[in-house]
């Protein structure tokens, strides 16, 4: 590829961690790019910080901090699944530092919406039921099978998944509109899910809006099921 | 260089963040290595998590998490300054995953010691007094000048420094002795400080113990003042 | 006695709880007074809230809350030992609601002082060392014998003592001077301690300042060793 060296921040989804981007990050770094894969508070290697005090705002602050402390500009900012909530919130605050937004089978919220507001109601019900058995403030991880993860990676995904803070799903995102200044958008949809996909409508809307929109014939975790294609699509935004 | 691709985890010191290793990480990655620069809880881009609930055990858990969730082995584990407390604690728990320990102008604690126990008493007193003015549980950052940071980087270091959790300085490290199984050790000492260096004795002891011990004619932040030399010395451990 | 019904708030010291005032409270209530014995956050029956996030400001807020939510005025506010730090901070904020301040073998701080600043240095050192073995942020309780508690109560005191948050000892108290408007002051000193008393200088200063100052021939816990006398002296302030 011929893209110039670019900085990528890859934000994971719920019940995950920066680890899920290991392959994509290695591919992008091998092509000369700088890549950050921050783990959101209470997840992955930060699971010891899990508490009911964590909400969507915490995770937005997690990512804003990477921009501020690593002094980054012209960033391609990607979010997977729930990570779409986070990157939209970040973009609303510092759109001038963002070259492109990449939604990887992700939620694309509007002002005033929480993830639960734009999720399939039955899934929300399931997550709330799970939280109820776990102290009320953390949602236990669904299995890798629930997300249609490829067979080779499923055991790892199950082993590394950690409970997810409920407040990240319930907090409504406040958007001033600043995120609309970002010039370029990517949507990557994984079409193979053993149930109705909450992400299909976002993919359709992305296409209709003229975003660079792509459907991959794989599960929800596109960075695990299709790392090369995911890296290639991300690099198109560089 | 001819070293085989190796994984490095670079742990920063007090009042800092993963950002301080940006240059060294880029140099090592350019040579084909995999590099993690986790920011400790309450510092740098995790400064929004600062609280008195953070102690040395929190930071050891931060780094153990990187090993566990990124599934790393044969790691060169480096710590700067206070980071020496952290990497010793990590090594005590999972020495089998550590190829070499690298102390970058760092404290080298023994069983039962807190940083305050092995610090220069006047410095400890200064830190405690500072904490008293800041709610009692976080130590305000000394200036870059206090650490002899090079003139070009000093403003950045001052801008990015954040208060440091007191419990990280007071908690005594419990060591079972497992850390002694690590085969290889590096000590890098920055000799130019506008005051007595708390690190000189550790450097002398490292030399006496037959570690690979090196004195650089620069300030305490060797990764900022001498990034090429620091990367080169780290790569010797690969 | 002939004093008019008065409201008392009795603030305990470090490693204690409202329970230590049970006898004194019963005596005062039997005489028609209203008595509150709040337990400070992280202590006694609030020990499940212990964390390094607690500091002197937390405890001042604890007591301010009793004033605000119970709608109290014309209060005799007493503090034992460390409680002297707390009641001074409270008095600085709402002196108009305080009829008298009663220091029961307590620290009497001035603006900008932490408890560690006005403690005997060797004791501070002992507390810091203890905290180091307990995660760095909570000071384990000295034995009842250390405080010269009477033989009958010592086992209870040892059983009910809980670790004390370090930040309460390190945070410097900011005083605007408002506390100086309180009209009346009591100091009660327990003279029998198996070591140098940190409280004797405060007692001497209280005498010199014309406070109602009394020395009891008992240990540091005057409310346990001499409940009748303590209640009687407190009632003098009603």
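For clarity, chains are labelled A, B and C in written order, and residue numbers in each chain start from 1.
Going forward, contacts are C-beta pairs under 8 Å (C-beta built on N, C-alpha and C of every residue); 3 or more make two chains touch, one makes a residue touch a chain.
Fair warning: this is a prediction, and the values are worked out from it, not measured in the lab.
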Report the topology of the inter-chain touch graph, choosing from line, ring, star, complete and other.
line
Please state whether the interface between chain B and chain C is built from the same residues or different ones, using more than half shared residue numbers as the mark of same.
same
Farthest chain from chain A, comparing Cα centres?
C
Which chain, with its centre taken as the mean C-alpha position, is closest to the global C-alpha centre?
B
Between chain A and chain C, centroid-to-centroid distance (C-alpha), Å
51
When centres are defined as mean Cα positions, the distance from chain A to chain B in whole Å is 31
Could you please state the distance in Å, as a whole number, between where the Cα atoms of chain B are centred and where those of chain C are centred?
41
Set of chain C residues in contact with two or more other chains:
none
Which residues, counting only chain A, touch chain B once they are in their complex?
17-19, 22, 26, 29, 34, 38-39, 41, 44-49, 58, 61-62, 64-66, 68-71, 156, 160
What residues on chain C touch chain B, complex-wise?
51-57, 114, 116-117, 128, 131-133, 135-137, 165-172
